[in-house]
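Questions regarding the structure given below will be posed in turn.
Which chain is which? They are A, B and C, in the order written, and residues in each are numbered from 1.
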Amino acid sequence: MDLKELESAIEGILFAAGDPVPVERICLTLGQDRDTVDSVCQRLADYYSYERRGIRLVHLEASWQMCSAPEQAAYIRKTLENRRPAKLSQPALEVLAIIAYFQPVTRAYIEQIRGVDSSYTVGLLLERELICEAGRLSVPGRPMQFKTTKTFLRSFGLASLDDLPELPSATQEEAQLTMQLESALQRLQQAETEEPEEAPPPEGEGSE
Amino acid sequence: MEAPIYHLDKVVKAKQEDMEDFDGPLDLILHLLSKNKIEIRDIVISDLLDQYLDWMARREKLNLEVASEFVTMAAHLVYIKTRMLLSIDDEVAMSEMEELMAALEEHKSQETYVKIKDVTGPLSGRYEFGRDYLAKPPEPVKADNTYRYVHDRGDLLSAIRSVLARTDSRLPPPAAAFEGIVGREPYPVADKARSILDRLVQFGVARFRALFKTSRSRSEVVATFLAILELCKANRIHLAGTAEDCTVTSTVDDGPGEIDVTVESY
Amino acid sequence: MDLKELESAIEGILFAAGDPVPVERICLTLGQDRDTVDSVCQRLADYYSYERRGIRLVHLEASWQMCSAPEQAAYIRKTLENRRPAKLSQPALEVLAIIAYFQPVTRAYIEQIRGVDSSYTVGLLLERELICEAGRLSVPGRPMQFKTTKTFLRSFGLASLDDLPELPSATQEEAQLTMQLESALQRLQQAETEEPEEAPPPEGEGSE
């Protein structure tokens, strides 16, 4: 068996197996010693990577496995997933819109607006990576806040949050008020974090 | 009118003898019946007969015997059909027709079977080679929950509009607005934890209640309590006794060290 | 996307899929037209055969499938401890041929032609994935129909059903006669359908 034939046989075997194949098994089949098989596999592996083929050979302990090239993962997933992308339900869209326009917001805030428990929907949006956690709010209970993600921007064809369609005017006034409040708040928070950690304010001060 | 006795079996079997031509009309009738998906009662038999006689006439060697057999069969078909048309309830005619159909179908099946048997040889040869093309199991595709539906940005606007419509455009002030008022954090839990550990290192043991003695506000009590919980969780302190009389001891001797708290402050 | 990238992506997709992948699916994923994808696949297929690699691409109807090179089948089976599928028995070949040439067909149709119960053989072919169910026929009893699979095509080296060896045909004379009769019949049927539905001809008219 010459090198070319060995390569072809090993390629066929690793292809059909899909799973990792112990080197010993290949040695037994082809009547070759371990060094030979390992070196042919390595040659194949190098060839696949160097030529940037769509497949790869990986060495796992005493086995070799053929798998698809990681660079092609997105195309592979797209081709093999036959599901059409699911669309968000109206409640989910509403929660997302609230988060998008008023971020960062807590779940309590969303529920206050919607009047219904929204934990499931928030969980769903997190899972879909449309929103992410945005730190805890420093109020009793330290609730988590949420903000939108890059996936959100991409899904809605937005370059940035500035591209969000403008809110109806009445709400805009409120939004501005909120912004003022927020900036005031930021100044306050900055002032606080600037205090050295080693010397917290005297106990009890400003607490009640 | 008495039904002529007509043996279909003979007609079908005629092929084996020297009357091969029967293959033709029989096949044709069959062909027309099956391929065109028409019922035998819909066939205009006279036309069928015309076509056949036409064909026979053009043949160099007119086999009279065959032709007459065909005419007999066709005539019988016509006869059956006439009876069916005259009286739909003529069960005898119906069953005769069924019989004829069955015989025709049988004949056709046999023909097909011969052809199929002929072709199994070449197919078998192909399989001999083809079965060595081996497929592999599909690679598992890693699940990806990322949202991929492409929206119009207007979807967001209409969603927020419907929210606002329900709330009469009144939104609660953002929670962040209260941060400055209620959210001051004078008591970092980590600091509390460190001071508790310091105290235990210094005195070896402390009463649970004593840890709260210096607390001057509810917030400080909460921060101290959270610190104790964090230290218990981290296995840094040990609580023993009853609700009324509980002592706290350090589980390690070597100073406070790093304290990893999950709650930063209160 | 240049040719090299396309080739790599398609190689990755077909490897990961294992099963035949419809060309359209690949076109959709890669944003390429059908001719381009088909020609890249053909290039890959040629390259695998010419370089005597251990893998092959086969074209099955409007799909492509990556499979192992038949020359390596013995080594592969030995390594994976798979037995070579038994040769198909004469009955199995007959049932398969009937289904292949007349699909979709019911079991009753197969049995009518063969004159014997064929349920066991149909079951066997289903098990070997050479045939599959093809919906129920809308007649009383709603019998299941069967058709051949892509595995059938691959196992018989056929790119499509059109490549099936031709069935021995009727004599030429017969064929011509059939054609004449068919056209005569068509004319008749046309003439019939042209008659107004409200006034059918008196029963029996035109039949003799």
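The criterion applied here is as follows: contacts are C-beta pairs under 8 Å (C-beta built on N, C-alpha and C of every residue); 3 or more make two chains touch, one makes a residue touch a chain.
Keep in mind it's a predicted model, so treat the numbers as computed, not measured.
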item	value
Chain whose Cα mean lies nearest the overall Cα mean	B
Most widely separated chain from chain C, with each centre as the mean of CA atoms	A
Centre-to-centre distance between chain C and chain B (centres being mean Cα positions), rounded to whole Å	22
Interchain centroid distance [CA atoms averaged], chain A/chain B, Å	28
Rounded Å distance, chain A centre to chain C centre (Cα mean)	42
Residue list for chain C, restricted to those that touch at least two other chains	15-18, 66, 68, 71, 73, 76
Per-residue multi-chain contacts in chain B, two or more chains	134-139, 141
Contact set on chain C toward chain B in their complex	15-19, 56, 58, 65-68, 70-71, 73, 76-77, 84-85, 87-88, 90, 93-94, 96-98, 100-101, 112-115, 151, 154-158, 165, 167-168, 170, 173-174, 177-178, 180-182, 184-185, 188-189, 203-204, 206-208
Of chain B, residues touching chain A in the complex	134-139, 141-142, 144-157, 159-164, 166-167, 169, 171-180, 182-188, 191, 214, 216-220, 263
Sites on chain A touched by chain C in the complex	4, 7-18, 21, 25-26, 28-30, 52-55, 66-69, 71-72, 75-76, 78-80
For the chain B and chain C complex, residues of the former touching the latter	23-24, 27-28, 31-32, 35-36, 38, 44-48, 51, 55, 78, 81-82, 85-86, 105, 109, 112-120, 122-124, 126-139, 141
